[in-house]
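Supplied in structure tokens, the structure appears directly below.
Chain lettering (A, B, C and D) follows the sequence in which the chains are written, and residue indices restart at 1 in each chain.
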Amino acid sequence: MKIPNDAKGVYVIAPTPFHPDGRIDDASIDRMTDFFIASGVTGITVLGQLGEAPKMEHAESVAIVKRVIGRAKVPVVVGVSAPGFAAMRALSRDVMGLGAAGVMIAPPNTLRTDDAIAQYYRQAAEAIGADVPFVIQDYPLTFSVQMAPAVIRRIVAENPSCAMLKHEDWPGLEKISALRAWERDGSMRHIPILCGNNALFLDFEMERGADGANTGYCFPDMLVDVVRLSAQGKRDEAHDLFDAHLPLIRYEQQPGPGLAVRKYVLMRRGIIASDTLRKPGAALTPAAREEVDYLLARLAKRDPRARV
Amino acid sequence: MKIPNDAKGVYVIAPTPFHPDGRIDDASIDRMTDFFIASGVTGITVLGQLGEAPKMEHAESVAIVKRVIGRAKVPVVVGVSAPGFAAMRALSRDVMGLGAAGVMIAPPNTLRTDDAIAQYYRQAAEAIGADVPFVIQDYPLTFSVQMAPAVIRRIVAENPSCAMLKHEDWPGLEKISALRAWERDGSMRHIPILCGNNALFLDFEMERGADGANTGYCFPDMLVDVVRLSAQGKRDEAHDLFDAHLPLIRYEQQPGPGLAVRKYVLMRRGIIASDTLRKPGAALTPAAREEVDYLLARLAKRDPRARV
Amino acid sequence: MKIPNDAKGVYVIAPTPFHPDGRIDDASIDRMTDFFIASGVTGITVLGQLGEAPKMEHAESVAIVKRVIGRAKVPVVVGVSAPGFAAMRALSRDVMGLGAAGVMIAPPNTLRTDDAIAQYYRQAAEAIGADVPFVIQDYPLTFSVQMAPAVIRRIVAENPSCAMLKHEDWPGLEKISALRAWERDGSMRHIPILCGNNALFLDFEMERGADGANTGYCFPDMLVDVVRLSAQGKRDEAHDLFDAHLPLIRYEQQPGPGLAVRKYVLMRRGIIASDTLRKPGAALTPAAREEVDYLLARLAKRDPRARV
Amino acid sequence: MKIPNDAKGVYVIAPTPFHPDGRIDDASIDRMTDFFIASGVTGITVLGQLGEAPKMEHAESVAIVKRVIGRAKVPVVVGVSAPGFAAMRALSRDVMGLGAAGVMIAPPNTLRTDDAIAQYYRQAAEAIGADVPFVIQDYPLTFSVQMAPAVIRRIVAENPSCAMLKHEDWPGLEKISALRAWERDGSMRHIPILCGNNALFLDFEMERGADGANTGYCFPDMLVDVVRLSAQGKRDEAHDLFDAHLPLIRYEQQPGPGLAVRKYVLMRRGIIASDTLRKPGAALTPAAREEVDYLLARLAKRDPRARV
């Protein structure tokens, strides 16, 4: 099952659950995968930046992918970003063999010109093989690479295997509008645009033409609802639900502690057994933990389903 | 009136109002200044990054400062960041002569080591004169300079004229806690910490020990209330008010379009006459304008005083 | 006298001579200007990065330009890079009124996409006025902005007042070849390309199609000879002379101490009276001074005219 | 054989020879290793940045290390820099098991404070194991991380397994002086300092207190001689030899094409069979190749042993 050209909904970014001693927690992977499916996600992305991909050895990465694919009934995309094409190719080859729907590639943070970015994706696409669908990860806040809309169009045009945009530019609303306008006027072929950046602008991104979310906020079930309500044109209801979660979304979107927040909430929700991060990740301080608890308590009042 | 050592409350970051043709709009400066005072701010910072400081000629900068100081009844801090110490000294000298309470200095974005940052502030303090109180602007998102807590402590220790921290690191909650802990254990003298970054974390920053806000969100009157409620220990009320504004705060915090949002809302509120930005700033697109209108309409339902 | 479209030879980058107490040293400016003319330079660029431009107040900048223009018999280009267009426009206006041949503009180091770079130069050209010839300064090592050849071509195409490229990309030989190939095939109009980066690759840059040098190495008289020999096709002689200077060129090209090296040698040559830098520049350490002395002694053996 | 505390001489950075189709060329590895030993190097560093490390799969990396260790009679250091500690630990474990003398670790280019750099090396040292000697790679030009001298001292103090500094800061002469002064006054324990950056300042680095070179310039035999002459106090002879090579050193030091220059010369010297680079590396253009040929021809006149 490859990434479909009409992908929409929520491709949830899966964290990697660890035991307190740092070993991978298979039972939590299974429980989490089941939870995602039950929440209505339409896809799962594993081994992204917030899946702690760079902290895994190759064999571990392959094992995680195998486990999730074996259990999920939706397309599974695998992050394969690497400092060199050899590791990228090796992981792509192995996970596509296991049935992955495609791979996700972020640009190395040294790229500084449009030409350099376009060349990088051409070479990456060639390295992994022209038959492997890939997702562009456009996340300047983390990767320091800024892709103008014209660069994305160029990558899409030059690489038939480019299958999706994980849009997490910030600010990024005008970029969605620009890309969709080009699709309408025929100067760019359609690709699904799913949005990341912890959903901080999901409310308006949907209205600008995004097809859904590709992020891992600790209430992916809410993301599914926001995307659905928005697609149905129920603007106020979509925003009402979104706004109820925004204080926590904002708190979880912090670079650095954000992933610890996410794992902590997923643990409190009973989805994963431990909120352990591998190094160099750090646990929440007691003060931060109390703040998250407070946000959860407030959230439960506004979104009763969000009671933990 | 110099920056007091017990500064607290809201030092609002003032935008610079222009006529549609780009000339400075004196009447709007007056109206805006009066509005700030009526809103209960305890200080005003002019010519910050979002005051479009680099777009002003020296004489214009001096005229703006003179006008605001002449009208405000609170300390006025002036942004004097410049690529060289000559321009910094010239503006500091002129505005201190007009009665400014102090100046604000951001680090040039080429600094990369603790030593380099500390040296920069020593040389800047020497350049402007040891009698001129200065505010450290710690805003890595814009300036790409990361100041570890120990660097801030060092700047404070090495420069008696360091009078305040404009804290807008992100994530930054643990930094506030670290600095306050050092004040408590006596390893750092007290300086006021006022928070920027469009107030995106003001709710928790207050609880971590901040003294207030130093930002220009388009409802500074609300910032005054949040700071007051939080200082009074009315946690839930502070968060309730803050959360009502968070969708718009988040929208205004976007780098780039954020200032256009701010000016647009201030114009809609009748505080400034035009939302014009000088180049290279751009106006809001029609889509963005509609989104802000929608956010304002929603806000008015949750915070009736925020009706525009 | 505007920058001619067939500019060639050496546009020397002039340092700004200071008295030991930091005041501008007019007598040294005069002596230095005379020396440059006597050395055969075809132009002089003042207030560049290594002219310590950001350390000058506006009135000082104008006075320096006035003094050099009044004495030089060659085109004088003035660096006007600034964090905002207001200061850039003000300085351009004043120096063009004094008879400058054009201005030089470096990009702010926050630009990250081809579109952003092109837009910046359009807005800058508009700000200073369409009748003011400007030089693109392409120096990624210092400014962190990488301009692909296509971006330079675009700036040239979009701005009739773009009059020269100060090429100091590194590595940059292929860029010269690419631009010259476009001129030959008619897809780009001709502009002079003069090379900077302390002449570290001047030998080969000339052979790739550059028109000369635009840098301030402490023996500009040698640069004049290398450019002449190379233009005459005397390859071996050009390299022989260049190689004799390369150990010192390399030493002076160091970011940071490089300018102190340059001023120290110019002082030892009797061209300026003091090697003082304004802060944040630092003097050479005794060890570095001894190294420069040693390099000068060795140089004098290989290039007898370089005896100091 | 672990990295000795009195390491000196030349630890040559080995390129990775490929066949024209990109496969690893074992025969060239053997010939190159023998050549290094015959040249008098005191150590070999494999899988550095210019060993194209990120382009190798794990198994390939291990095979290369095994082959070199099996043949070399000197300590072999292995670059293990990786975006995560898992891959770093895996490679360290495997190569130490094969008899490597230690590993080399470069900082990820996101580190921006002294504390963050120090913490990174603590965690890396813990990840690879306290018994594994490691080399700090201090190369801001490539990695964008600036380590103040005090940070290096701190890393050395905090990690007993820190065994060497690969110094390639630029400018970096004062850093060597600072570190050696601290060793003399007892505030820092001794570690060997070997210099990289293609030896561009090796002449003076030796005089400032460096113990040798750790770079891969295409005439490592010359590096051995320069280090020896300098250590013997034969200053003029060391500089004479160095200066003869400087035009080519400078040409090879260019980021990007530099590695292609190096491989091309090693191929012309008959040491490796092909100058192939794996992607994203590119071959030299014909113009560049001609320039290198010209430099080699000139070099042969000044250093007869450098005839190729």
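Just so it is clear, a residue touches a chain if its C-beta (ideal position, glycine included) is under 8 Å from a C-beta of that chain, and two chains touch if they have at least 3 such contacts.
Owing to the predicted nature of the structure, the values given are computational and were not obtained by experimental measurement.
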Partner chains shared by subunit C and subunit D (touch criterion as defined above): A, B
Between subunit D and subunit B, distance of the C-alpha-averaged centres to the nearest whole Å: 47
Intercentroid distance (Cα basis), subunit D paired with subunit A, Å: 38
Subunit A and subunit B: spacing of chain centres that average the CA atoms, whole Å: 33
Contacts with two or more other chains, residues of subunit D listed in rising order: none
Chain contact graph, described as a line, ring, star, complete graph or other shape: complete
Residue numbers on subunit C that touch subunit D, as the complex places them: 170-171, 173-174, 177, 200-201, 203-204, 207-208, 239, 243, 246-247, 250-251, 254-258, 285, 287-288, 291, 298
Subunit D residues within the subunit B interface of the complex: 112-116, 140, 145-148, 150-151
Residues of subunit A defined as touching subunit D within the complex: 52-58, 60, 82-87, 90, 109-110, 119-120, 123, 126-127, 278-280
